Amino acid sequence: MATVVNGIKLEDFNALHEELKRNAEFVSKIHKWNARIRWAGSGFNFTSYVRNHKFTISEPSDIGGADSGPSAHELILTALGACYSTGFIYNATKRNIQIKNFEVAIEGEIDDILVFFGLSDKGHPGYKKIVVKAYVEADADEKTIKEIWEAAVKGSPVGNTLQRGVEIVPQVSLVRK
Amino acid sequence: MGKVINGLDIESLSSLLDEARKNKELVQKISKWYARVRWAGTGFTFNSYVRNHSFTISEPSELGGPDKGPNAVEYVISALGACYLTGFILNATKRGVNIKNLEIALEGEIDNILVFLGISNEGHPGYRKVIAKAYVEADCDEKTLKEIWEETVRTSPVGNTLARNVEIVPQLSLIK
Amino acid sequence: MSALFPVTVVGSWPRPKWLLDALRKKREGKISEEEFQAIADEAVLIAIKYQEDAGVDIISDGEQRRDNFYSFVADKIEGIELKTVAEFMDFAEDKSAFEALLRKLDVPAFAIRSPIVTNYIHKRIPLALNEAKFLKEHTNKKIKVALPGPYLLTRSSWIKGISDKYYKKKEDLAEEFSKILREEIILLRDAGVDFVQLDEPVLMEVLYGPELSVQTFMCAALTAKENPRDELSFAVDILNKTVQGITGVKLGVHICRGNWSKSEEAQLKGDYYPLLPFLLDMKVNQYVLEFATKRAGSIDVFKDYPTEKELGLGVVNPKTDEIERPEDIISLVKKALNYFRPEQIYLNPDCGFGTFAESPVNTPKISFLKLKSISKAASVLRKEYS
């Protein structure tokens, strides 16, 4: 029987690893990610389409939204937390460490939200600081868990995106039907 | 109820802006945001909890996941797109411009994904570049449209977060 | 007649480290129930000694055998399971309340357990009878046993999507808890318990929780949209049904503003005034209330609500490190004497010293000194008022 760690078949895991080392085409494919968001036609409600997935993005009611889903700035926090989590499970599995429980609590603080509303131009409306707190339950010593966590943080695509200042290319076009 | 543009009540929107101008407590409250992500206990599946919302984050099957939802890097560009659209609706409504259709296509390019996998040390595993292409259908001239868009891009919380270096504080505790 | 101003406790005592280890091992199935109880016996004897030495007149067993003051019932009642917040988060109607709480406590959802009704409930073994018997055998003092009140149990354990398969409304479940508790109170009385106290801390949460956005797991399980007046009336009705007509034992109800961390800011704030009309409808002998902490407001709330019931007056704050001086306690009692006669007043701390096993609010040493201060104050008062 195949060995399964953290619900992942090690055989498949290793095969994928080998594939990534050799197959440049596959690697270049997973370098590009796409999403499409549509305004739902009324207020702060949007539908996001990612591959075969679809979800709603909205704003809380105290900012005038319908609160039909999380907001964009909450999704960023979620993405960071999920990315660290993915990296943690990945790196634990690589070291053959079984994890019992893993959870992260994320807290982000905006520099100056009034800039978004056009009421200030002092600071910027982005996050200035994000605290990510991970809680782990596993049969492993503290040192190993720390190693896994550090590898997850260091190798995190979302973490690196947030810490490096990405080049954003905004384009707009007026469409007349 | 007063005049409604883009599904937003103009009166309540302007009283919200007034409130944001005066009410320090409200500003403080909407400057802090939280999320919690839990590993679902098997493979690459995670549940996220944001206020009263919950949703799933996963990995595509080609990356060894069960593909139960978008993955983290896809959520990042979704967040950017949604943030631009939110700002666009706000800034259009502020100017009294009716929007008929609004859509944005995003494309992000990772610098070197092999760093995530621990196979390479060159470059970094984050996005190097994100293209955000908005399509608008509205009864307004190009100039106004450009103005709305530029203000939106300039004042976007997620855009600013991504374009600057955020301080991330990772903390770990082992629970027995 | 016995002496005036009897000194008593609210219930819990800080547990020794070796007891916490044993509690964990029992939960993990590494030691048997019998092995655990033998270890807990030792801890109870220590708790008894502390209280006797401090001059407490009506003592408890320090709730040493319990993980906290309400979830211990999961071991005794079939149909209730201890579930982690992670396990029922998806069913919680007010997830943001849980989030706020997890953040405040700095714990993950998988590390916090709450008793949840996952089937029809019935009592497997008595809830606190063994505790009472052991305590009775090892002291000559009068004894007190605290039980979670019927409203607290209902409110904390009924979750829509899980429990409603068995009890459509939380009111239906409340009836069952009421029967179980009633039976237990009678068992305790017959075993020689002098004082049974029902803990109903969530009543303050019903009043002040939503508006202060401070909630506990005990309340977050249900949506906060309930009307406080309806909730309080329901709580009074179900409590009265539980104790109706029981004689031969002193019955008290304890209502406080939270005791789950040492931090004063993390607890609820607001006086008893809006609660008093409901409180006075409860068919108990004694109200065990907080008055040492500033968060509880003034005792002058009784001005508009005179009562013939007894008052268990909270005179020391279990969460603070400084020991209240007997003079301070005496002056608080004198304020209470504006609204109560001397024979109506009992003296106790605001709450327990170790409500939650893993996060006691004080050390045994400070807890002991606080109790000692109360008994010193009591002896001065007795001289003055006898």
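Going by the order they are written in, the chains are A, B and C; count residues from 1 in each one.
What we mean here is this: a residue touches a chain if its C-beta (ideal position, glycine included) is under 8 Å from a C-beta of that chain, and two chains touch if they have at least 3 such contacts.
Computed from a predicted structure; not experimentally measured.
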Chain at maximum distance from chain A, centres defined as averaged CA atoms: C
Chain pair with the higher count of C-beta pairs in contact (A-B, B-C): A-B
Centre-to-centre distance between chain C and chain B (centres being mean Cα positions), rounded to whole Å: 45
Length of the line joining the C-alpha centres of chain A and chain B, rounded to whole Å: 11
Multi-chain contact sites of chain A, meaning residues that touch two or more partners: 101, 103, 105, 107, 133, 135, 137
Two or more partner chains touched - positions in chain B: 34, 36, 38, 51-53, 175
In chain C, residues with contacts to at least two other chains: 86, 102-103, 108-111
Chain B - residues contacting chain C, complex: 34, 36, 38, 47, 49, 51-54, 175
Of all residues in chain B, those that touch chain A in their complex: 6-8, 12-13, 16-17, 20-21, 26-27, 29-39, 41-44, 46, 48, 50-53, 55, 57, 59-60, 62-64, 67, 69-87, 89-91, 94, 99, 101-111, 113-119, 124-138, 142, 145-146, 149, 151, 153, 155-176
Chain B-touching residues of chain C, taken from the complex the two chains share: 86, 89-90, 94-96, 99, 102-103, 108-111
Chain A residues touching chain C - in the complex, by the definition given at the top: 101, 103, 105, 107, 133, 135, 137
Touching residues on chain A, where the partner in the complex is chain B: 6-8, 12-13, 16-17, 20-21, 26-27, 30-39, 41-46, 48, 50-53, 55, 57, 59-60, 62-64, 67, 69-91, 94, 99, 101-111, 113-119, 124-138, 142, 145-146, 149, 151, 153, 155-177
